[in-house]
Every structure is written in C-alpha cells, then in structure tokens.
Amino acid sequence: MASALDLAVANLVSPMVLFFVLGLVATLARSDLSIPEAIAKAMSLYLMMAIGFKGGASVAQPGLDAKLGLAILAGIILSAAIPLVAFRLLMLTSTLPRVDAAAVAAHYGSISIVTFLAATQALEISGIKFEGYMVAVAAAMETPAIIAALWLARTGESRMDSMTVREVMLNGSIVMLVGSFLIGIATGADGLKVIAAFIIDPFKGILCLFLLDMGIIAGRGLREGRKNLTLPIILFGLYMPLIGGALGALASWLVGLSLGSTALMITLAASASYIAVPAALRLALPEARPAIYLPLSLGVTFPFNLTLGIPLYVAVAAALH
Amino acid sequence: MKTHPKKRIDIMVEVPLMQRVINLLDQQGIGGYTVLPVLAGRGKDGAWHRDGVVGRAGALVMIFCILDETRVDEVLEPLFALVSRQIGIVTVSDVQVIRPDHF
Amino acid sequence: MKTHPKKRIDIMVEVPLMQRVINLLDQQGIGGYTVLPVLAGRGKDGAWHRDGVVGRAGALVMIFCILDETRVDEVLEPLFALVSRQIGIVTVSDVQVIRPDHF
Amino acid sequence: MKTHPKKRIDIMVEVPLMQRVINLLDQQGIGGYTVLPVLAGRGKDGAWHRDGVVGRAGALVMIFCILDETRVDEVLEPLFALVSRQIGIVTVSDVQVIRPDHF
Amino acid sequence: MASALDLAVANLVSPMVLFFVLGLVATLARSDLSIPEAIAKAMSLYLMMAIGFKGGASVAQPGLDAKLGLAILAGIILSAAIPLVAFRLLMLTSTLPRVDAAAVAAHYGSISIVTFLAATQALEISGIKFEGYMVAVAAAMETPAIIAALWLARTGESRMDSMTVREVMLNGSIVMLVGSFLIGIATGADGLKVIAAFIIDPFKGILCLFLLDMGIIAGRGLREGRKNLTLPIILFGLYMPLIGGALGALASWLVGLSLGSTALMITLAASASYIAVPAALRLALPEARPAIYLPLSLGVTFPFNLTLGIPLYVAVAAALH
Amino acid sequence: MASALDLAVANLVSPMVLFFVLGLVATLARSDLSIPEAIAKAMSLYLMMAIGFKGGASVAQPGLDAKLGLAILAGIILSAAIPLVAFRLLMLTSTLPRVDAAAVAAHYGSISIVTFLAATQALEISGIKFEGYMVAVAAAMETPAIIAALWLARTGESRMDSMTVREVMLNGSIVMLVGSFLIGIATGADGLKVIAAFIIDPFKGILCLFLLDMGIIAGRGLREGRKNLTLPIILFGLYMPLIGGALGALASWLVGLSLGSTALMITLAASASYIAVPAALRLALPEARPAIYLPLSLGVTFPFNLTLGIPLYVAVAAALH
C-alpha cells in the first residue's frame, strides 16, 4: 500500500487541498476573506461545463463502453439505497427527529460534484484512466436520494409536487452538467479542441480557487454548526462516507467497472450533496433544519473526503483490481 | 403634491421559495412586485451569508409589493399558508404613492 | 432616545434614468441619497430580471432619500415630471431619525 | 388578518463597521437582523459607488432589524455610541408583523 | 454551394451555437439556470476587449488597408438607412404605433457585437481572413440608427439632449471596444503577444459561456414576448435581417471589401442591437415599449442570425467573390 | 540612462498602462464604463494568489537567499518610519488637521500591491530578475504604518482594539497573499506547474483589466477629490513617493538587495495603500476623512507611480548596481 500512502501525501500537499485548508483556517481565524457570490456561482458553472464537456467528448470517442447503462443503473440504486442505511444509523445513534434524520440521509445518498472533481485530479496524479460516462453516473445520482428521503420522512404534508420535481430535476447545476455532457458528445474531440484552452488549461487553478471558497463555507458551517452538531452526528459525518463508499465499491465490482471508474463510483457514493438536495428539501421538507445538514455535509464530510477519503477510495479501488 | 395611502408588504423568503411567492402574487392579481437582493442575516434559525453560497438554499431574498389596504388580507392569508413553515419574515407598513391607479 | 420625524422617498427607476434622478436630487440640495440594487420585478410593463442582463436597459434600481417633510414637494414635482413617462414607481413614507441636522 | 405593531431600525453603516454593529445587535439579544447590499450613495461626506471598489472601506451596507417598541432604546443608545463618529445614518419606522413572538 | 451547406452544418453543431441552444431550451423548460449579472457584464467587457484589441493589433500591421475610411462611411450610411426601410415595413405590415415602429427600426439599423463575433468564428472555421478594421466599422454602426429612429418617431418631446448623446456615445461597451481597438493599434503585435494568453486562448470558451447566457435571455424574451409579439412582428424579425443583409452586401460590393469583410458587413447590417439602442431609447424615446423591441431583437432575430443567418451571409459573400 | 528612457517609453505604451489610461479617461469623460464589484474583488484575489504563489514557489527553489529576514526587517522599518516623515511634511506644508495628516501618512508607509505588480512587469520587460521573497516583504509592509499613524494622531479615543488589530492583520487580501505564498513554498515548482495555466498565462491580461478598473476608480477619485485636495496636498502626493522611494533605495543598499529586488523595494516604499489602510483607519481613526486620503492615494500617487515612478525606480536601482 506504499503507493496509496504516497498518493495520500501527494493529495494532502496538492494546491487544491492546501487552498481548501487556507479558506478553512482563514475563516476559523475570523478573517474576512470571501469569494463574492457571483464568482462562486460562475466557478461552479465553469466546473460543471468543464467536467461535463470533457466527459461527453471522451464518451464520443469510438468504442463507447457498453457498461454505461449498467453504471448509471447502479448509481441510481446506490443513491436511493444509501439514505435507507443512513437513516437507520441516525435514528439508532442520534436523537435527531425523524424529519431531520431523513433530510441528512438524503444528502449522503446524493453526491458532491466537487468531491468527484477532486477524485478525478487524484486519479490524474496517479496516472489512472477513467470512463467519461462517470459524469453521467454522477448526474444520475443527484436526485433519487431525495425521493427516498421524503418517503422515509413520511410527513403527510411533504410538498414534493410536480413543480418541485421539475425544479429539482432542472436545477441549474444539473442542467449545466448534463447539457455540457451532451454538447461534448455532439461535438466530440473537435469541439473539445475548440474550447480546450478554456475548460482544460486553467481548470486546476480555478478548482483551487473554488476549493478556497469551499474551505470558507466549510469554516462558516463549522462555526455555525457547533451549536447544533452533537458528537453522534459528527461521527456519522465521518463513518457514513466509509459505509457509502463500501456500497459503492460493491456496486462497482458487480458492474465490473475499471479501476478509475471504481474509485470515482466509491467517491460518489461516499460524498454528500450540498447544492441540489438542500434546495430541494427547503421546498419538499421545510421542517428539516438546514442548520443540521448543511454544516454536517460541508463542514465534516466534505473535508474528510477531500483530505483522507479520496486517497483511501483510490487505494480500495486499486486493491479490487 | 397629492399622495394616496397604500400598504407595503415586505416578504423575506428563502430563494427556493421565491418563485412560489411570486406565482402567488401573480394569482392574486397584484399590480406588481419587486425583488431585492439580501446579503446576510440572522434569525432564530441561525445566521447565513450570501458570499460563496453556490446553491440556492441557505440564502434569502426580499420581495415587496405595494398594494391597496383592501387587498392586504387577500395576499397575507395565502402567503402565510405558504411561508409559515419556512425560514423568513413578513412585515406590512404604510406608504404614500403619487399614482394610485398604478397599484 | 429622542427621534425626529422625517420623510423617506423611495424611487424605483430604470438604470438609464438613474443619473438624471441623482442630478435632480443634487440640484434640489438634498442632504443625500442611497442607491439599492434590485434583482427582479414585475409591473404593468412586464417582468424583468437582473441576471444575465448585459446592457443597462431593462433593469431598475432603487434610490431613496430621507428629507424633511417641508422639502418633499420640492422633490416630488420635478421628479414626477422626470419619471412619469418612464417605467418605475415612487413612494413616500414616514421615518424617525436621531440627528435631524443631518437631513 | 391580525397584525401587531413593531419597530424597524435601518442602519446604513460602513462595511468595516458592519461586524461591530452585528455583534452589538447580538449582545442586545435582538431576535434577528438582515443585511442588504447598497450600490452607491451621497451624503455630507461625499459620494461613493460600489462598482470597482476593491477594499472594504468606502462602501456601505444597510442593516435592518425588526423589534419591539420597548427594545428600541436599548439598541439605539449603544448603537449611536458606536456609529456616531462614522459615516452613515440610522432611521426608525413603524411596521406590522404577523408573528409577534418571532421578534 | 456544398461548402455553404457544410459551413451551415458545422456552424449548427459548433459548441457556441449548442451552448446558446442549451440556455434557450433550459429557460423555456423553466430551469433556474442563470449567469449572475456581474459575470455577464464581465464577459461582455472581455469580449469587447478581445475583439477590439485583436482588430487594432491587426490594423497596426504594415499596409493598412485604405478602404478603412470607405468601409466606416458605408457602415454609418447603412446604420442610418436601414431604419428607414424597417420603419416603412413595420408601418405597412404591423399595427405598431409610430413610436414603437421607430424604436424597433433603430435596433435593426444598429448592430449586435455578439453576432459579429459569431460570424468571425464561422469565418475562422472556413479559414477566411477579414480586415481588422471591421471592428471599427461595427463601432461606427452602433449609434447612427438611433438618430434616424428619433427623427422617424417625430415626437415633439424626444429627449435626445446633449447628456443623452454623450451617454449613448460613451456607453461602456462602445468605450471598451473602441478603447481596446486603439490600444491594439498602439501596442500592435507585441502588445498582442503580451496578453494573447488572456484574450485569444480562452476566447472561444468564454464566447460559449456568453452565448449560453444569450440563450437564457432569449428564452426569457420569448416567454415574456409571447404576449406582445404578433405574427407580423415576429415575421419582421426574420425577414428584416435578410433585407438589411442585402443592403450590407450591396454596400460591401460598392466599397469593394474582401470576402471575409463582406461577410462581416452583411452580418452587421443584418444584426439587431440589444445593448446600446435599448439604453438610448429608454432615455430618448421612453414611450416606446421595451417589451416589444427587446424580445424581438433577442428572442427572434439573434437566434436566427446565429443559427441560419451567418452561414447564409458567408455563402452570399463567397458568391459575390 | 538611455535604457532607462527606453523602459520609460516601453512602460508608457504597455497595454497595462494604456488600459489604466483608458479607464481614467473614460471616467473623466463621464462614460458609464465600470467593472462590477464582484469582478474587481475576484481579480484582486486572483492577483494576490498569482503573485503570492509565484513568489513562494521561487523561494522554494534550492538556495533560499539568506537576505529574506533582513529584507523583511527593512520593510517593516520603512513602513513604520515613512509615516513620520510624511506626517511632518503634511503638517508643515498643508493645513490638514492632525488626524487627517496622520491618516494620509499611514497610506504612504503602507504599500500598494498593484503598483508592486506593475513593477514586476517592468522588470520582466527589461529582463531583470528579482527574489521571490519580495512578496513577503510587501506583505510585511502593509500594517506597521497604521500603528505609527495612530501614534501620530494621538487621539485619546483611537479604537485600535484587539478586534481591529485582528481584522487588519487578517484582512482578506493579506491572507490570500500570504496564504498563497506559503502554499507556493509548500508545493514548489511542481505545484506551480499544476496551476501555471491559470496563474501565469492569463496573468498579464487580467492585470490589464484590473488596471482598467483602477483607472476608473482613480478617475472617480479625481472627480470627487477636486473639492478636498488643495495644491499642497496634491504636490505631496507627487513628491512623497520620491522621498519614500529614496528611503527604500537606502534600505535596499544597506541590506544589499539585488538590482531587481532593489527596484521592487523602492517601489514598495514609494507606493501608497488603498485597501488595507483605509479599511483599518475607518475603524481605528474614523475622524480622518476618506475624502482626503482615498483620492490622493488612488487619483494622484498611484497614476504617478504607474506611469513615471516605476521606470524611474528601476533606473535608480540600476544606477545603484
């Protein structure tokens, strides 16, 4: 496992992680360092565009892997199944009311694209390839968890009406990700050449800046969270990724994904949403407290995955191949 | 200059709810509304700040509409039903306008 | 704490008109004004949204100024002449201030 | 619909002062507050515009809080002590709320 | 005309057009996908800077084409003449009040820089050169149309006072375009080398993002517009570019422009403004309803030019040479 | 001194300076050209990140110059000493009240990072190397001047409490600069390679856009300033950089800095702050009028340094070696 250790270290001292730490530390030290909302939104759109387009362009390559369908199916099942596990664990270990437990569970079934991005970078460092369609898998995993969680919450007055469904399915991030993926497929390698200088060259640098912002938000989450996050909940934020990741590993093994795609599938399963799910739950499950699930996902699980989780998931994927 | 008394309803609401509040105002046949950006805030549900927030959740906007006193309740009741379970606040105040027909 | 009654004029005006309104307030020798950003809105002239708007047209800002009751008309009349043909609204309301000399 | 009278304090304050005003409101045990962005303005200390401003100095924000009449003075006095030497203004006005317990 | 067809197809499946379509479709499907105002403004400034600087730098090359002056003159005449045609057609075919007809006419006399940019990209694809001074022509065509339209509107109380004139002439976009053009001339190829990595390499990618935003705005325009755009007006938005383009072709032929510059001149004549003119008219002709001219220019004519118009204009230019 | 003249000219016709002039002229001509606040903030963060990271990465190179400590010490002393000189001069030559004089003095002790950046570009043009640790020197010079000025102001009620100190030390710009510097040291040349396409390639172009914004702000400052800036104060804004620069030259000579680092040290000493100091003074010295020190620093001293100062400082540094 030496190489795994190397990767772990390489990951920890990568500019991406260090800029995340910078944002986190600065915020905990109460610096006023912050990224304007408009810039954060633009960077997020940029990352969706880049990862989606690249994924699509590589799928467009001759010899499309037949596993695409299976992988997406596996992703959907994971997204819907993980909340059931998470919910049970929370009801057992914490004193969270049912509705909050269901809300938190939804986040862990869904995914975090930035964690996914960080994992692709780690794979690059180790020179491991992965299938472009994993982007589609990521998109497919965003929402099923929400349905599962609403069912778990079993509140008569849940507001998952047609309008909400449409808003969740068509939230800006997903549309940008899927749209860019399709455009990538349509224009292929030529299209990629056209805009490579925009979506490939500066990609890593923008990811650093975005992670700086994530660090700032995580720091705010931790500061706010202190009041609401009890020890059992914090622990859940640390071991749940491992459980989700294990299920992701199992699924990848069943589908027979490549080493790189396995690592990404584990990462997706282990990551927790902080964009699509919170927005959906404010509409569909307003009683659930954002003050619980936002700091937990942003302040505990995201940092864990970014620093320790990803190298571990890559190592596990390697061990499975 | 002659002015006419109207009411101003200020609605602080979560961004994900915004469209629903607007639709409600439209259904009530209100003459118009305005949405103001909000930077940060604190309430019983904790503090929040717009900077860096990527998603739509966790941030609020302010929607205000000027309307005739007689219409306030038509708006407040369905509005309250919509936002009572959400994060946010609603206030009503007095204003004077120059063109009463406009509202 | 002793407060003093003043008036607050709120002017929703199209961005291209903003500078003219400000010049008018300056000419009237108003103590000051503040411009607030506006995100979106709807009125009889239709709906608009700030996002993505590149040009200055099609978006509005809010200008408010606190002033003494006695000065309200001096401002409202020329203001009305300026904006009556434009998209926008004007309201007047009561406020209390701590430093009356400031306004 | 039954509404209850409250007071709204609007505080225009320089960005560098913002955190101190917020801390003060927290210390006074106010139910909550909201910060609105401000685009530009002019007062006796001259004009300013948010666009292009890099640092925090030279720009203002608006903080408002809704609270009970009985608490207004508890807030105004220390607030005035804090901002009296700074650029900015404070106003108080009347509003009605639906959920009095909230404030 | 096979090559024309190829270009038409190549244009339709170019990332730029596809991202425009993505924004349009997402908005019509009521997704909340949107680009923050600050980012849209910044991208617009960036595009002005890039196109202006590149144009200036190429003009700075030895052997400045003597046709510059003639081309600008032709542009000014086109900008002032097209509204007269447009106005008559609107008065004949639609029930628009005089003032609205004049306002719409102004937009078609003036130009859309983004349409111009898209045309330069189409020329690049087909490997056709064009003169850098066409940027100056574009700038010169922005405002004459406004004067013509105010004269057409003949409202006694038109507010085209000195302040308005200054504001129109010095609106941010024009200043950035012309200023960058002059800086490009002053610093020439060396200056271009200095900032090429900023204004050339990522250019196409940023144009994609900007067109995504244009698609979103066009979609909003169409949704809003439905109420106000009658069939005659919509048709006008489709055939007027062809008429304007024809006049542009005629002018180019008289001036004797190169193939590439002819294609751009046709595009300029065919394009409709949505920045300079609307802002000016809100000041000078407030009675004219933006709810008519904005959706028509953004929702009808811009998409038409971007998708079908440009390849056609290039083909016509080719046929003339 | 021919080469100095060449540099002066080369500097004046560089895109950076010309875009600054564009912003200045446009604003004085009352154009509405402006850069959204969010973009200005993002560009400023970007510049801090780029200059900090590059500095750190170069420091990480084997053979760290032992002079680092001495240079930082010299910077701190300069930052604290220059205000004393500036203050005396203002009290002698102008009618400014004590508190305003102290506030202005603070700005000239502290530094302007953008002036520093422009100087590094001028050095590049002339192919002169400089030590990466000068970034750390710049950071170290930001705040001592504030302490000195508060002592000069001698107002009983100065508010330099612990909270203010923390806010000044941890203001976003400094944290970004120092943080990126440290990350640069940690990740070294490899880290730089990872994000070079983001922080190096487009750097000059973004600097141009940022200087355009600085020109706009300077123009606003001049328009506002007319009312408050008397001739003695304006003159101070022109000769004070020379005095500060002279002290910087002396310090560099004592420390024995290289040619490039000497030029940068002179520039830092000659430059006046407009970010860290104003924010700090609004907290610690609210009686001091921003309407005096902001236009003076932004509208008089910054343009002087950018256009004439920097080439002069490089020439002086060359003369000293």
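Some points to look at:
We just call them A, B, C, D, E and F in the order they show up, numbering each chain from 1.
The definition used in the following text is that a residue touches a chain if its C-beta (ideal position, glycine included) is under 8 Å from a C-beta of that chain, and two chains touch if they have at least 3 such contacts.
Given the structure is predicted, the values throughout are model-derived calculations rather than measurements.
Graph distance from subunit C to subunit F, where chains that touch are one step apart, equals 2. Contact with subunit B and subunit D alike is made by C.
For the pair subunit E and subunit F, chains touching both partners: A.
For the self-contact between subunit B and subunit C, the two sides draw on mostly distinct residue numbers; the shared fraction is below half. The most distant chain from subunit B, with centres taken as the mean of CA atoms, is F. Using CA-based centroids throughout, the chain positioned farthest away from subunit A is C.
Here the CA centre of subunit C is 34 Å from the CA centre of subunit E.
Subunit C and subunit D, compared by their mean Cα positions, are separated by 19 Å. Between subunit A and subunit E the centroid-to-centroid distance comes to 41 Å (mean Cα coordinates, whole Å).
Chain contacts: subunit E has residues 32, 34-39, 41, 167, 171, 201-202 touching two or more partner chains.
In subunit B, the positions touching at least two other chains are 19, 36-37, 56, 93-94. Every pair of chains in contact is given here: A-B, A-E, A-F, B-C, B-D, C-D, C-E, D-F, E-F.
Remark: subunit B residues 1, 3, 6, 8, 22, 26, 31-37, 61, 66, 93-99, 102-103 touch subunit C in the complex. Touching subunit A in their complex are the following residues of subunit E: 13-15, 18-19, 22, 26, 29-39, 201-206, 208-209.
Residues 36-39, 41-42, 45-46, 49, 53, 166-167, 170-172, 175-176, 179-180, 183, 186-187, 191, 194-195, 197-199, 201-202 of subunit E are the ones that touch subunit F when the two sit in their complex. Per the touch definition, subunit B reaches subunit D in the complex via residues 10, 12, 36-44, 60, 62, 72-73, 76-77, 80, 89-94.
Those residues of subunit D whose C-beta lies close enough to touch subunit F in the complex are 14-17, 19-20, 45-47, 49-59, 85-87.
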